[in-house]
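You will see chain A twice below: alongside chain B first, and alongside chain C after that.
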Partner chain A sequence: MADREINPFATQATWFPRFEKGVFWIFRLATYAVLLSGFAVFGTIVVKGAGTVFTTRAPFLNVAFLTQAPETLYVFEYDGAKHELGAKDYRAFRETEEAKAKAAGKPAPKFESVESIVYSSGGIFPAIVGTILLVVGSMAIALVLGVASAIYLSEYAKNGPVVRFIRLAIINLAGVPSIVFGLFGYGMFVIFLGWNVSLLAGWFTLAFMVLPVVITASEEALRAVPRGFRDASLALGSTKWQTIRKAVLPYALPGVLTSSILGVARVAGETAPIMFTAAYVVRDRLPWQVSQVSDFFFQGVMALPYHIYVVSSKIPQNVYTERVQYGAAFVFLMLVAAIATGSILLRNRLRGRYQW
Partner chain B sequence: MESTAPSTAEASFVITKARTRVFGLSWDEVIQFFFAGNAAVAVVVLALITIFLFREGADFFRLNSSQNLAVYREAGLEYVDIVRDQEKDHAALNRYLADVRLQALKYYRKQGLTYPEAAAKLAAFDDYAGRYSDAIEPIRSKISDWSDFVTAIKTKFGVRADQLAEREQLLAAGKTAEAAKVKIDVVDARKELQPVLDDRASYQEAAQQAAQQLTALARQLPEAPTPELQKRLQRFAELTRQYVATFPATEKKLETWDATKPIPFYVSVTSFLFGREWLTASFWQDWYGILPLLVGSLMVSAVALVLAVPLGVGAAVYVNQIARPFEQRWIKPVIEFISAFPSVVLGFFGIAVLGEALRKLSQVPWLSGLPGFPIAERLNALTAGCLLGLIAIPTIFTLAEDALNNVPRSFREASYALGASRLQTIVKITIPASLSGIISAVLLGFGRVIGETMVVLLCAGNRIAIPDFSAGLGAFVQPVHTMTGIIAQEMGEVVRGSIHYRALFMVGIVLFFLSLLINYAAQKIVRRYRISGG
Partner chain C sequence: MVTTTPVMPASESLDPSAPPRPAANQRLFDSIPMRATPVTPARTVIDIQNLDFFYGAKQALFDVNLALEEKRVTAFIGPSGCGKSTLLRCLNRMNDLIDGTRIARGSIEIRGIDIHRRDVDPIELRKRVGMVFQKSNPFPKSIYENIVYGLRLQGVRDKTRLDEVVERSLKGAALWDEVKDRLHESGLGLSGGQQQRLCIARAIAVEPEVILMDEPCSALDPIATAKIEELIHDLKRDYTIVIVTHSMQQAARVSDKTAFFYMGKLVEYNDTRTIFMHPANAQTEAYVSGRFG
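After this line comes the complex of A and B, so read on.
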């Protein structure tokens, strides 16, 4: 009461500020719940997967896992001890032990309770190579098509029904489920064009899928170049194309590339489109081991996301398979995370670089 | 003016420039057309997707009605299924009885009786249940006799189809002489099926016998310990009488059933769109009904959206309106980073960690009151839905945050000037002003979720059946299969060009148009209800 006499406009103590604070806390908790679940997934994969990829001894990196092809794992008991060996080592071990026993004149040694688990030994090298090939090829196609498309939309096109239709198509293309792209790629490239399961089919399928992302990103970057640049160039008598080439593209290119890296992350992360178009469950030869150059494009490859799908659904979950499952997931997550972080950081840096 | 100028104006001042012309176009125009052509790629791709999905899938309806369903009828499988339905209804009544027994047993156990004692008390009941179950035995034996018979006819049709396919292949390869040599069996289904049709009299006899027994059993109900259960038994007798009353209708159906009646085309369409069964490579009859898959997809999406909408929109409101600049700067990139998680890694996380964790959680005693808890299956709609929620959150967050950002500053300032608090401004001004954007964000999140493949393939449990909705919300912890999952799972195994193969493409078409529809709705909402900043 005394307060009011001094200052009649003073806020009255009510329940409302406390209520408001409470509501804000609910929003805050929702946000942090999202972040926490993201960290939980990331953390689990990192903690469990790091054990496969890194070692405690020099060179601190499990080189074999990153440079070898997948092998079948053999788990068996021998001489009372439990052994875990890859297919090649197992055969060699068996032969030497049998030879030893023969030399010593003893009966053939017994390998007890032999259990074989596919893909659980060796490494994931072919899958890493395949993923890189798929990403590079499809992004090359997508960038050419996407940047050219964006140049038309931002530099040439006048707003009319045709352009509106194109924009509508782009937006709708962005919403098409990836598995539908897979079916389409299978129907068109694999069957109709007769490319079979091949790199080329995978490239085009992935490129078409990521096209909307690249177009939108490129257009944004092109539009960020100030009008004055174009006007000045045109006023000096250069043609439209000269203007675009000399006065617009150089300034837009960094933006185009960084934003498109997000598209790379999407391409690398997708499994469904390559399941029927480019990916093999397992392949002995590496992509460059082909007899003709043209064979290179028409071969299927192993891919990391598909390999993760195979090892997490087709083999049982136990201590022997955990190594390769978490290891592959870890490597893949790191790959995609590196790409994504790179793009986000680069974009933030570039934002401040050109001041118009 | 242009035509007269050149001849006289050879003066030094004129700028002359050689113009390259390609097909009558200047170089600049060629370049423009090149870019325009590239821009059209998006339209072309969309058209190609439509064309190729239909190219592979459109034949499904024709093949399904002319082969799959036609054989179903001609070989008499449909005829046997009429009787089989009758048996299934009886099985449902049996389950009703078993449920009553379970309740009675629970009651006795509560009374403090030991298990054997309770079982002894229920001996009469069990005897009754046994007699009730056996009452339909004559019909059952008829079904089994007929089944063997009609599957034999169906096999003949299968052989014939293979022979036709072989001839077709030879003809396509240009080997006409060899194609002519391929023997095509003639299947006279009518004649072959006649014994079964003639057997109707003996079925009638069996049905009469069963009806008599059932009516008799409905009159002599067993004892139930509580009045409530007694009431349920009364209801059971009533149901039995109703069931027996359907017998003449079944007989009528059998009588009027005609193997030669052609299958209309629309049946193929309706059996796909409204079929409740997706059954492939079955010895009896293949069904391609999209309903279980659609229901599965929708259930998983529902779980995902229930989680993602409050969290995603809440986070967007927090980051845009409430958070300090420092928080804003790091929360946004982190959520963007979550959107880069590959779905197959999330799926693996579901299999390896989340499924088991949820089951463990569901076994905690004080949570057992929740519907469906404890969870029976590790991989189910809930597991997949939780992970899909994580996928949808960044999408919803980013778009909703954009929408909130687009609300003109003046709106908020006007609200503050009128003395509203921050919360009042957010709830009454900012959110309503950006509602269209938020709704379209949710729709696009829905589109993202329903099209997601790997997570549902790995974590949804992959059981092709419509969940039992009598369990209420508990249906959400049952395993389901989804439209995207079935394509990914079965596409690798089917024979190219078979009905099954085309059915998968049909599912793809449904998915494609569903996603277009969702996208269209999202845009429409944004356009329609956009608030101008003026």
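After this line comes the complex of A and C, so read on.
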């Protein structure tokens, strides 16, 4: 008769496996919660915004929304039917109807319960243009300043207390709330330098806001370039600047761009820094409609995030305002995605060229 | 391969108190094809006098006196941390680039000119004293662009001149036949040994007088190593070569003169044959016969 089999690997009856499983489930649920809220945000914007941006008839795109300036929406009853018209169309409609009535010798037609809702008709074209201009300009400034100071910090400066202090300052700058940057820009550029509310002031304010990210990431990218490249270049009799220019910077560029992509999203999305420095609630003229070139830099622009803020909190809300709110949010998301995709493609191309 | 077999059984080499075995060195040399013909003294190119070198507060070189001869291969040997690479990097002032390094005393003269003189530009010095590094470091560019890098820095634009230099340098580095059909492909596509020869080609493209090699074969397999060693032998016709190596066999195979360093001091400097066969110093003898280091 064989002894009863003893299984040394049998599960030990303790509380621990069950506890482990419970913790594991908490982690899993946390992840799902994050995912779910993400989907909820994107889903709402996409579902509601798509209704504004796309149409069911060809060309399936609400061209007016993407190419026109905002208008006041007029909602009224006329002739027993309910009409929704933008300001221009409303005026034209009214005039023709009145003229028709006059010609027929009838009394002036009655427009009943006329409601005007600002910014809820027309499109958001000036805001799209303004946002693109703000992003491009401020990223250009941030990259030039950021890469330059990163080169100085990581290649030229001797690592001493001064450099340590500068690094600390940069890290602290990254933690400053964006509204503070907005106030700084207002005090510095708008008032002290007298640039008024202008593209230029917005560019610099936004650039300063993303500078810490750009500098830190650029330094990281510069450090990641193998020492061998520098040594080889210097040993061939190149100056320090030639070495940086030819043997370091090209190989750091993909890394710099990677981090800048994050900067792009932030620059495009921040409202606080531009509301004192660059953004107009509404502006009919487009940025290139200026009488002389210098005016271009000293004009305020509309910007998508600020426009969203205005249409969602600065005007009385009703069923007619939702259209432009979600439409603008949807276009904004798409725009940021497009700019980010552009930077990613550029980075990948550079990476292909300068891989080591 | 004969050259890669250990010279002594490991158990013997571990015992420092073992009595000296005169036959050991003889065996080393029997096993290595010595190409270095007995050296006739040549003109001194680099003259190092009483050199004391510091990394911060730590002294790395102590009173080094050494005269390197023209168109000879001089090997620096010694255990890790003995200062041989430091000295090599002094010769083209690559140490200037490291914070906190300084030469406290002594001088290095190349062709009679102290390289630390105020009117010596390290950039110009490095054009005359090229360097090949331990880890092959071609730029992630085409083979062609790697080689013309130095010339482009000097502002050479003439296409025919660049083409000429590329061909001459690659031939000089015994790489031409292997890469002549793919000059515009990335230098990183080459094998380790080819990459190192590309680096040598890049160094000789700017026509230096002296080539410094910092353990150029330490990352290579024996066949690639043999090719580089052959190349060093050929380069000797036109260049003065200083090579730092961990492999005593390599020093014996490629060099005419050998300098043995220990703890930052130059222990012995002589013809390679003498250093290996009849070292004057007991430490040298112990090191070259593999009893320490």
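The rule we apply is simple: the second predicted complex is superposed on the first by the 323 of 356 C-alpha atoms of A that agree within 3 Å, B and C clash if a C-alpha of one lies under 4 Å from a C-alpha of the other, contacts with A are read in each partner's own complex, and residues count from 1 in each chain.
Assume contacts are C-beta pairs under 8 Å (C-beta built on N, C-alpha and C of every residue); 3 or more make two chains touch, one makes a residue touch a chain.
Computed from a prediction, not measured in an experiment: that's the story for all the values here.
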Superposed partners chain B and chain C on chain A - clash or fit: fit
First, second, both or neither for A:D231, with chain B first and chain C second: second
First, second, both or neither for A:F54, with chain B first and chain C second: neither
Inter-centroid angle chain B-chain A-chain C after superposition on A [Cα, multiple of 10°]: 110
Touched partner set for A:T239, first chain B, second chain C, both or neither: both
Chain B versus chain C as contact partner of A:A247, first or second or both or neither: second
First, second, both or neither for A:N159, with chain B first and chain C second: second
Which superposed partner A:I215 touches (first chain B, second chain C, both, neither): first
Shortest CA-CA distance in Å separating chain B from chain C in the superposed model: 5
Chain A residues contacted in one complex by chain B, in the other by chain C: 239
Contacting residues of chain B [partner chain A, same complex]: 27-28, 31-32, 34-36, 38-43, 45-46, 48-49, 52-53, 55-56, 310-312, 314-315, 317-319, 322-323, 331, 333-338, 340-349, 351-353, 390, 393, 397, 421-423, 444, 447, 450-454, 457-458, 484, 487-488, 491-492, 496, 504-505, 508, 511-512, 515-516, 518-520, 523
Footprint of chain B on chain A - complex, ascending: 16-17, 19-20, 23-24, 26-28, 30-31, 33-35, 37-38, 41-42, 44-45, 144-145, 148-149, 151-153, 155-157, 165-166, 168-184, 186-188, 191-192, 208, 211-212, 215, 239-241, 262, 265-266, 268-272, 275-276, 305-306, 308-309, 312-313, 317, 322, 325-326, 329, 332-333, 336-337, 339-341, 344
Sites on chain C touched by chain A in the complex: 92, 94, 97, 99, 123-127, 130-131, 133, 135, 137-140, 149-150, 153-154, 188, 199, 202-203, 206
Touching residues (chain side chain A, partner chain C) in the complex: 158-159, 226, 228-229, 231-239, 242, 246-247, 251, 354-356
